[in-house]
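Note that chain A is present in both complexes that follow, paired respectively with chain B and with chain C.
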Partner chain A sequence: MSQIDFESVTKVYDGDVVAVDDFNLTIESGEFLTLVGPSGSGKSTLLRMVAGLEDVTEGTIAIGGETVNKLPPRNRDIAMVFQSYALYPHLSVRENMSFGLKRSTNLSNDEISERVEEAASMMGISDLLDDRPKQLSGGQRQRVATGRAIVRKPAVFLFDEPLSNLDAKLRKHMRTELKRIQQELDTTSIYVTHDQEEAMTMSDRIAILNYGELQQVGTPREVYDHPANLFVAEFIGSPSMNIFDVRYESTGDGTGRLTGDIDLEIGDRAPMLEARETDRFKIGIRPENIHVTRDETSAQGVEVFIDLIEPLGRDDLLYFSLDRESSEQIVSELDVEEDAESGDIELDDHKAFIEADSVDPTRERIVLTINTQDVHIFDAETGENVMLEEPKQEQPASTT
Partner chain B sequence: MATETDPQHAPETGSESESGLLTERYVELGKAIGFHALLWSLVTIVLFPVLWMIVVSVNQIAFDTFVSDPAAWFSDASMSAYDQMVNETRFLTWFTNSAIVSVSATVVSIVVCLLGAYSIGRLHFRGRQTVATFLLITQMFPAILIAIPLFLVFRDIGLFNTLTGLVIAYVAFTLPFAIWMLRGFYENLPTSLEEAAMIDGCTRVGAVFRVIVPLSAPAIATTAIFTWVLAWNEFVFALVLINDPDKKTLPPGMSEWIGQYSLNWDLLMAGALGATLPMLVIFFFLQSYIVKGLSEGAVK
Partner chain C sequence: MATKDKSDDMRSFDLPREYYHWFSKESVWGWLFLLPTLFALGLVSVYPIFRGIYLGFTQYDGIGDPQWIGLENYARILGWTEMWIVLRNTLVWAFAAVVIMALVGLGFATLLNRDFKGRSVATTLLLLPWAVPFIAIAFNWRLMYSFELGPLNGVLRMIGVSDGVPWLASSRYALFSVALAWIWRNFPFFMLTFLAAMKGIPNDLYEAARVDGSTKLDTFRHITLPFLQPIAIVVTLLMSLWSLNHFTLIYVMTGGGPGTSSMVLPVYIYRRAFHLREYGLASAIAVVMLTIMLTYGLIYLRLYREDVGGQ
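The block that comes next holds the complex of A and B.
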């Protein structure tokens, strides 16, 4: 019914700033798709183009089969939840919610008020209908903003980072609620966020963007387990994937080993590396796939320096480095980063989940084991995932 | 310096702290007195002319006589100047003209500057910045410099000696400042509000009138008052563009009294008070809006 098609959509600002580059994607009717990427990746621009708030420079966007490039926002049958909520400050909650219905439908006042009550009870804001936005808390405003969108029963919901102004606890609660409402209404939704955790928990599919280019589209599981490239691998997952520089050394008999930051036998995956022109690779290992070695003499073990152990409750998070020097540097950087507001510490260090209290924090070194099967291997130049050449990954309508 | 006032007691720590407390209170008191003295003397300086207008309007008196013998002023007080003003002069006609011109100029100027400020503050079109700058340039010329050519133009197109002409002149003169004032407000208003309205089914113009205008009420009120005050007090244009005594506004009209009635100070002061009254009333009712409007920009 309300499938959304992007065909070679490009957005260029001021003649030379490319915000979105040749974006192709089909969002199925009723699907919850998340656009995720760092700031400036073009995700909000894409959403605003769907809403009709930005012109499309090239390509077409179609909603329900109808090209909407030239349609004004009011004729697109969409509803949008803004990051700032954009509630009309001079109107009560009830008036805020009925504003769109009055403008865009011929419903009688009774029907409108019925719809508003229904949406309000769905969002749990029935008691607030006569309040002004100023009187509401952040969480309540968010609910009103969502209520204002669902009351219209549009073909498409657009969410522009709707939860980023809430505190962490409320954010987690609201994301479950948003997902529940979307499922209940079965409305096609595009959700923009820079928070990969939100993307993972809410989406049917995730589209990851960087510098205006689509990197990968897939279910949360697909993009987590089979990242198309180094960018996706590092962006998805928290804490992010550990990346090591390595070289491939062929032993001549169709197999070989990786040497460099860490040394690994790669067994049956050698042919895929042999096929590459380069011998320089980056390997990625998720923190949960690194284990403390019981038997410290094991051949697959990697000896590392312990920087810090953070107790997380169920597990501990081990920060480690490969040599003494960077180890000291990281510890000092960690102190600096502590007061940084965003939780994403981008340090050139490595992390592993370890069993709680399994390692004495006063120890200097430790031996870790990495299972070769859990290792992602990326071309060091192109960043492509070398392992994806196996036909196990289906990439619906992806462009990269 | 406080503790040194009583050196005998200095070694006793208890009384030292007591006297310390005492001097602290004196310092506080001194500060308060100084502050209020300064404040009220400023208020007096500002309001004294108004007081003097009242004093002179009921009894024409010299300042030193008033100071030496206020009772004499009181015994001779009369409202004759007011009576003369209403019955023997064109004061009421001028007052009406002033009101017509000020209200019309304000209304027209608000409507035009609302849309002008919105387009300059919000829409992205080529030459937007240039238009904004040109608007300011018009403010660099003194009124008298514009008044003469305006007189020539108005005479040729039949607007001379009409209130309409005066309204047009005032709108042209207040518009640039009004636009700049509102534009600043619009630039600070989150765009997402209009976007939400447009998604909710409004056209852009609809979004402006349904969402932006109600929100900018304080800014519009401030702008309106500014325009109104300017039009109400304006002298040069009104003098040059109106010749007919029945079409004059208050400022040039009242200036005729000087000389014509051999400088009747009481009449002049009564007229001045009569002319000030509407402003007092408006400011009294709209002061909260003005304060709000002036502090805009800090809107959340």
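The block that comes next holds the complex of A and C.
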């Protein structure tokens, strides 16, 4: 059907800027795959190569078994939704939606208008068909742009950050709606976003890119629970994973402990660390795996300084530091460093989900416990996750 | 002068509220500063128009007083074959030539909108005609068209097509030849405005159209042209009005001749007034021309109002 194969796909701009480097992936027919990564990671370039809007420098892209490298976009049986929507401003919604059908099919006018009305009712825009794009709100434009894609009934949908111009509430709503439509039509889809939350909620599989290299591909659960490397670990999950610098101290009898920012017994995982050349590691712990303990003398307890407690409703989010100095600095910077888009405070401090109202916010210190089983351990040099059974050879680890 | 109370009184004249401030105390200084300019404009622009309309109803040779003869001048004009020839020439000059200019400008704009080496040099060269003074263009093109010495005929003779064409001296080619020079002078204006408008078209639209199955020609027809339409309407209107008004090129190159074969209204008015000293008749023709221009401008803008202001 419409499986998509990437084979050693490489894209080089202007002779020396490598946007995508040796990308290999197979997207199953009917699958919803999300390409996610920070800006400049090559995700949009990959999508545009599938669309035929960029040339492939090396390697092949095949849709439904047919290599499409040299085919112009109109012969690839694809439809694309753009971030800017790219609606034709001088045409009505109806004309926007029938534009592609008139050009790529031999359907009669009656059939075309039937298809347009069917797609419009699917998108809930039936009463907007005679409006011009400028008369529509952002959300309505997004629907028209999606409608223009689905009316074509293509083999592949390509989405280039289609929701990033919408406000947070509408974005969440459209997320489920896009997913519903994709499932209904059962069309192979590639979805590009920089928003890991979007990727987590919509995808069958996520492919995480950084600097043009594929970091990991897997189901949302896989990449969340078993990140291949430090980059994936930090990128996936919100708030992001807490990272601590540690050293491995071998006791000589095949086991040992981690010391550094925090100290941890690692029990049965020691052999994997023993096998490494380095003794420097980074450990990652998700905010939900850190707990407040009443037993302040616990051996596994870590005493930390409270920066801030943010009530989120069901839980509180605790911001903490390991020493007093950075705690004071962080508190003074909290006012200015708020990330305008997500509203998250992005600081180099640590976070933990704690039970609502369980900690008196005027307290200065608190003792936290961490379950060793929930700890991810990464090689400090290569960033590789040393806890994965066997280091995946075909996926180069991030060097950042 | 006007006070606040007085400005309230203005309401009885149904003056729209946004103009109240024209008559407020603060505006006195504004009016004072405007006065010299208003006076000068009145002297060189408003007065001549009304004087011209008046003269159109008289017989006047520049000596003595104008004699009031009512509509006689107009009756004469409309019954004249010569006048219809001049009107036809003017239409060719101000409309057909402008359409060709626009098409040539569009062609070059499309070429310059692509990426190629030496694009900025090409753009500058193509813009040059627009920077040359009319009088220099007139003399140079007259030289180009010269029967004996002109390079145009030189080429024709060289390739053996003909012994030379009397470009400006034959009633068959005169208007066409002058119009060609006029097109050469003005196509860069269209080229530049179209190019600027093309740069403003979001690239996404072209990409969306390509994914939607469009060929290059399709995207030109369905994306580029609709985007150029509003600006095209404005610049063709402007250029038609400028062409209607234009005097230098025809006067210097052919003087309207041979006979009336390349005669257009401005040159015709000038000849009637200053060669034949028929000031009354010339004024009446000028009024006819003014009416044509006003009517044309109004109809044109009304037809396309939505495209110009709406989009």
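Throughout what follows, the second predicted complex is superposed on the first by the 381 of 400 C-alpha atoms of A that agree within 3 Å, B and C clash if a C-alpha of one lies under 4 Å from a C-alpha of the other, contacts with A are read in each partner's own complex, and residues count from 1 in each chain.
The definition used in the following text is that a residue touches a chain if its C-beta (ideal position, glycine included) is under 8 Å from a C-beta of that chain, and two chains touch if they have at least 3 such contacts.
Quantities reported herein were computed from a predicted structural model and do not represent experimental measurements.
*Asks:* Clash or fit: how do chain B and chain C relate after the overlay on chain A?
*Replies:* Aligned on chain A, chain B and chain C clash with each other.
*Asks:* Contact-wise, after the overlay, does A:Y211 reach chain B, chain C, both or neither (first, second, both, neither)?
*Replies:* In the superposition, A:Y211 contacts neither chain B nor chain C.
*Asks:* So which bits of chain A does chain B touch that chain C touches too?
*Replies:* Common interface on chain A, chain B vs chain C: 51-53, 72-74, 78-80, 82, 84, 86, 88-90, 99-100, 103-104, 148, 152.
*Asks:* Show which residues of chain A lie in contact with chain B when the two form their complex.
*Replies:* Residue list for chain A touching chain B: 51-53, 72-74, 76, 78-80, 82-84, 86, 88-90, 99-100, 102-104, 148, 152.
*Asks:* For chain A, which residues are in contact with chain C within the complex?
*Replies:* Interface residues on the chain A side: 51-53, 72-74, 78-80, 82, 84, 86-90, 99-100, 103-104, 148, 152, 158.
*Asks:* In the complex formed with chain A, which residues of chain B make contact?
*Replies:* 190, 192-193, 195-203, 206, 210-211, 214-215
*Asks:* Where on chain C does chain A make contact in their complex?
*Replies:* 202, 204-205, 207-215, 218, 222-223, 226-227, 311
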